[in-house]
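Pasting a structure below so you can have a look.
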Amino acid sequence: MDFVYGPGKNHLFVPGPVNIPEPVIRAMNRNNEDYRSPAIPALTKTLLEDVKKIFKTTSGTPFLIPTTGTGAWESALTNTLSPGDRIVSFLIGQFSLLWIDQQQRLNFRVDVIESEWGRGADLDALASKLEADRSHTIKAVCIVHNETATGVTNDLAAVRKLLDGYRHPALVLVDGVSSICAIDFRMDEWGVDVALTGSQKALSMPTGMGIVCASPKAMEAAKTAKSVRVFFDWNDYLKFYKLGTFWPYTPSIQLLYGLRTALDLLFEEGLDNVIARHSRLGKATRLAVEAWGLKNCTQREDWFSDTVTAVVVPPYINSADVVKRAWTRYNLSLGLGLNKVAGKVFRIGHLGNLNEAFHFNPCRLSGLRLNTVGTWD
Amino acid sequence: MDFVYGPGKNHLFVPGPVNIPEPVIRAMNRNNEDYRSPAIPALTKTLLEDVKKIFKTTSGTPFLIPTTGTGAWESALTNTLSPGDRIVSFLIGQFSLLWIDQQQRLNFRVDVIESEWGRGADLDALASKLEADRSHTIKAVCIVHNETATGVTNDLAAVRKLLDGYRHPALVLVDGVSSICAIDFRMDEWGVDVALTGSQKALSMPTGMGIVCASPKAMEAAKTAKSVRVFFDWNDYLKFYKLGTFWPYTPSIQLLYGLRTALDLLFEEGLDNVIARHSRLGKATRLAVEAWGLKNCTQREDWFSDTVTAVVVPPYINSADVVKRAWTRYNLSLGLGLNKVAGKVFRIGHLGNLNEAFHFNPCRLSGLRLNTVGTWD
Amino acid sequence: MDFVYGPGKNHLFVPGPVNIPEPVIRAMNRNNEDYRSPAIPALTKTLLEDVKKIFKTTSGTPFLIPTTGTGAWESALTNTLSPGDRIVSFLIGQFSLLWIDQQQRLNFRVDVIESEWGRGADLDALASKLEADRSHTIKAVCIVHNETATGVTNDLAAVRKLLDGYRHPALVLVDGVSSICAIDFRMDEWGVDVALTGSQKALSMPTGMGIVCASPKAMEAAKTAKSVRVFFDWNDYLKFYKLGTFWPYTPSIQLLYGLRTALDLLFEEGLDNVIARHSRLGKATRLAVEAWGLKNCTQREDWFSDTVTAVVVPPYINSADVVKRAWTRYNLSLGLGLNKVAGKVFRIGHLGNLNEAFHFNPCRLSGLRLNTVGTWD
Amino acid sequence: MDFVYGPGKNHLFVPGPVNIPEPVIRAMNRNNEDYRSPAIPALTKTLLEDVKKIFKTTSGTPFLIPTTGTGAWESALTNTLSPGDRIVSFLIGQFSLLWIDQQQRLNFRVDVIESEWGRGADLDALASKLEADRSHTIKAVCIVHNETATGVTNDLAAVRKLLDGYRHPALVLVDGVSSICAIDFRMDEWGVDVALTGSQKALSMPTGMGIVCASPKAMEAAKTAKSVRVFFDWNDYLKFYKLGTFWPYTPSIQLLYGLRTALDLLFEEGLDNVIARHSRLGKATRLAVEAWGLKNCTQREDWFSDTVTAVVVPPYINSADVVKRAWTRYNLSLGLGLNKVAGKVFRIGHLGNLNEAFHFNPCRLSGLRLNTVGTWD
């Protein structure tokens, strides 16, 4: 194996999975329980109520699915759409690319609106498509709120404004995997129909829970959506919601208790304070990058992400070497550049339950300079 | 909430999720890690090698999917079959019923062979179907190895023998959720094409990992299977297997380390010893039931399950009351009767990392007698 | 090493250290903290207030000392007595023997009142001594509330009554290691001057905290006691109590949080309910012993202990073999016979956070019979 | 309470208790076990063998005592000396002061050699005393290897050289609490007779285990030492060492497993590498202090401590405000100035299982400047 024991804490500054706070680790340090006992439904009920708050919705229906973000995507699409449905989707980086790939493989007709990597969703292109679509053949607009590969945050309020402007009834499906609980997100206000995140992101838990929330309009769409689905079928959940036992199949007891604590921590700090903290740490990271004399991959300030910064390295350096060196020498995990920006950027995650002292670990490298062999002096 | 704090350990004797041994809880008591670091692929590689041993296969390809047993079912079906394919499936209890429901919703044509609950798969009916199927329209035989609802273990070697007798090429897909690692299972020897289990069963881990293993024949079938799949698509895994990074999406770091320890414990005890232990504890449970003067739901000795015993209560008793009383009074979790046997049976799980002293908790009630209000005297 | 991996949970039925409930294990699953931060004093304050409740005192002063029961003994003696002081001490088993040994090595003049092992403290002998001691040369009466080696509980109210009857001012020092939080104990009502227990007993925590409580009279005695002491000196604690920082040296952060949870669990169940539960489980154990046809080492019913039962084996059997067999074969830990009763008794602990189902593990052996080679059939 | 929930990890940079590495936390995440079973003695035997390596001794006898550093001091003194014995002791800071206080209260005659705080032990004064002591009335020299209050490391080899030069037979008792496993220490080579440390220091465990090691000469002295001792008496340990059961009273099972893992981590990294790492991080801290324009409390380079740096603040600032601000604002724990240097210094611990990225947290404040109200700009 090409890794050896290193002393000290691993510093995890990838944009997910993120550092788990001790209280969540503690809450999950437990044996299994019978999920058909009275205790687990009682716990689940509080979770379903409270999880709506992180989406800022009162009318949405949440689902806690034993899956990853990829599964949450599939759940959002298959429950609301039918094969052959036309959707508009923005390609701005690796994660939007992967979602589009999934959309195509699930047999939707996808109008891909591509931007240069480092730029946000091209809303002008969306406007043109909406304007042209008098007959409402577009059934959904799919958008990644925060593209983790390039550190780009899209403007969801603007998407809603466009749809309203054209009185277009398309559903709005949002990947909030690296935004929800960290970047301002307002499901009800912005008319988002399906929003989703994963437990290992801003909730600062282990991987394994896809959290999906559906608007009343999405729930209505689910009644006629013809996409084949079983594991991801919301109807199976709804059946057990009615019974008050909540689970169509076995949930992870540990993740349920972990979510309870993760939500408690969020609410204790205050969701708005959490978002402000991400904003503060995001800005600090960008200032550090500037101080290093390096460029942010994100091309315009209004797209800057408060959860991840993709840093462009000079052309004579392979960014993968930076990541490798950080890992072997400092026990510090940074994110690789992916696909089109492989070798060109490394990524600093500033996502989750962090504080100033914790956060500045990667930034403390600011005194150092990248040398020509791609390592720090 | 209708539950209160009770002192002492909860005794979990449902057939899953089962008790987690301390070393596994310990191994999972950890922070997240970057799954793209060199450490996680190195760990994953050992897991994929070792997990084949629990299936008793050398030629199979394993998949560790962040899902439950229900998702593992879907993975087995969608990767090997196409919509409209004819399959034969045995209905002998609640879990085989649910799998058949999934098969039908995934648009396969399912020949259901039903048995009375408490009886095993009707292999004579299978024989007739195979004999009649000269043109090999049957693409797969789906069978639950151990039906958890009724405590019935099916004879997989006999299924193989029948198929071989008729030189029938149908795939054999096996739900081994409550058998693998606890009841003798031999993937290669019995010509099983897809076998699957879940982490929260005999592996004695938390829920969240579906473990699926595919024979070379199943892998071949996957190349042409037309069922729509993305999250569950084996091809995405194979792509990353080739890259040596193994994961198409984020795995649970905690479950990977948990699986490592669960496998270590299994191999330290010896898989055959583990199976012998389940056999011993299963027999002991059945003797206890006999001593109570109660009936086993399983109708014939050769179907007796070594991982769960469904106990029939007298007609004047509701078995749910027995379960409830055990929980409120003794902090002891038993399994309810499901569907057709609801109210009629309760179930004692004797599955996972148990020993004699641990196991006999539910059986120690043997000195007691069920009274007419469904509680123990 | 003469032990191997055994599957399933170890069943710990020694009278200490006892099984730790999951919530306490969870609470202790944490990193160190700075004990000079504002958080630890705030936590300590609640502990010192609440721990008085387990002694049933409002006027006592508690000390949470990083030590074991042996250290707590030393703390009780050296803070209240001077070398050469005359004390009366009851020898009724191994633990009272060890305490007397300590008393003698600390240079007190000890009047030992010995009883046959299996019998309680000889209070008639105490009465004679008190009657004869007109000049009050006896400075303290030392008594083990519950002798763990023989399963004997002494009558502390009777001791108080005798002292009051003779208007004797001797201090009463009580070892409550295996009684406090499990057997009725009333510090104020019974005029106990120093009472002590250890974290690993009825509080169901790990070893490492000696909990000592001193009456106002004992605190007064501490001002003039000339025994040499530093680590165990109450004055060092009092100095920091006044400062509000509480700790003269570094406490175990983990044990502080563990104690917080242990107390919470006790109060949630209700201390009187906890005592009633021990009484119920103690009685049940004695009935099981009777059913086995074996004899209780304790010779009279009013001495029966509700936290441990010492079981006398037939003369042709070595009780150590019973303990060894339980451990190797059933992963079940029982207590050995100690000193005078070595080989003659084994001990079943029924102490701590137990319930009926948990507890009956050792008793489930009731269907078995001891055979002539000292093992169970 | 004057503290509130803060997000992110607490950064613990006091010189003890220090950060516990995850593997040690994991190892301790367990239930109690019977310490009289065969497993615990087998484990203990490996610990006693291996713990000698951290003292660099082959001839020493180690004791793992359930106590703190203060108790370990008492163990060292009372087992080797008799009341009235003359000892020489160096007062150079708060911890040497406390040890001297203990020595005096234990009734030894202490020649205190005082240095200005910030300076090391005055070895010239020792030389004079040794020279004058032809009749060998000095029974022991007591020295704190690393004074935690001022960040001063004493030269133990020089002490040995002096004693040898004068052929003086005095015992050498060393407090290695904040040095052993972090700063070069050689028990055998330097002729140290009793050395001691605590679990919560360089071993990076919770508090609760005092680790004491005695040379053959110290063991010989213990045979005639007349200090009263019971809990701390080495003889009780030796009795159980001979029996092979090792424990005179109940040890903390959790700390034993924790120590096993702590030693494994030390040996995996290599003790010399660990010491080199502390040297590197210590130097880096001092460079940071220099860069801040602040002064090191330690007055001479050869006394610089590699485990803690005491930083002198400007006279118009109260160092307690710096510590408080770090805690409330950054969730960062620094050490207060103690006693004579209270308000004048704050302390940065760089002790235990740290790495560069972890370590530089407090140092990242280097970009900031102390302002006149004692906080950072």
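For clarity, chains are labelled A, B, C and D in written order, and residue numbers in each chain start from 1.
Assume a contact is a pair of C-beta atoms (placed from the backbone, for glycine too) under 8 Å apart; a residue touches a chain by one contact, two chains touch by 3 or more.
Note that the structure is a prediction, hence the values are computed from the model and not measured.
Between the chain pairs B-D and A-D, more C-beta pairs are in contact across A-D. Computed from the mean C-alpha positions, the centre of subunit A lies at a distance of 33 Å from the centre of subunit B. If you average the CA atoms of subunit B and of subunit D, the two centres end up 54 Å from each other. Computed centre separation for the pair subunit A/subunit D is 46 angstrom, with centres defined by C-alpha atoms. Counting partner chains per residue, subunit C has residues 19, 22, 25, 29-31 touching two or more of them.
Contacts between chains leave no pair untouched here, as each chain touches all the others. The residues of subunit A lying in touch with subunit D in their complex are 5-9, 11, 19, 21-22, 29, 265, 268-269, 274, 277, 329-332, 353-364.
Of all the residues in subunit D, the ones that touch subunit B in their complex are 22, 25-27, 29-31.
Those residues of subunit A whose C-beta lies close enough to touch subunit B in the complex are 1-3, 10, 12, 14, 16-20, 25, 28-39, 42, 66-71, 74, 83, 102, 105-107, 198, 200, 206-208, 227-228, 230-233, 248-255, 327, 333, 335-336.
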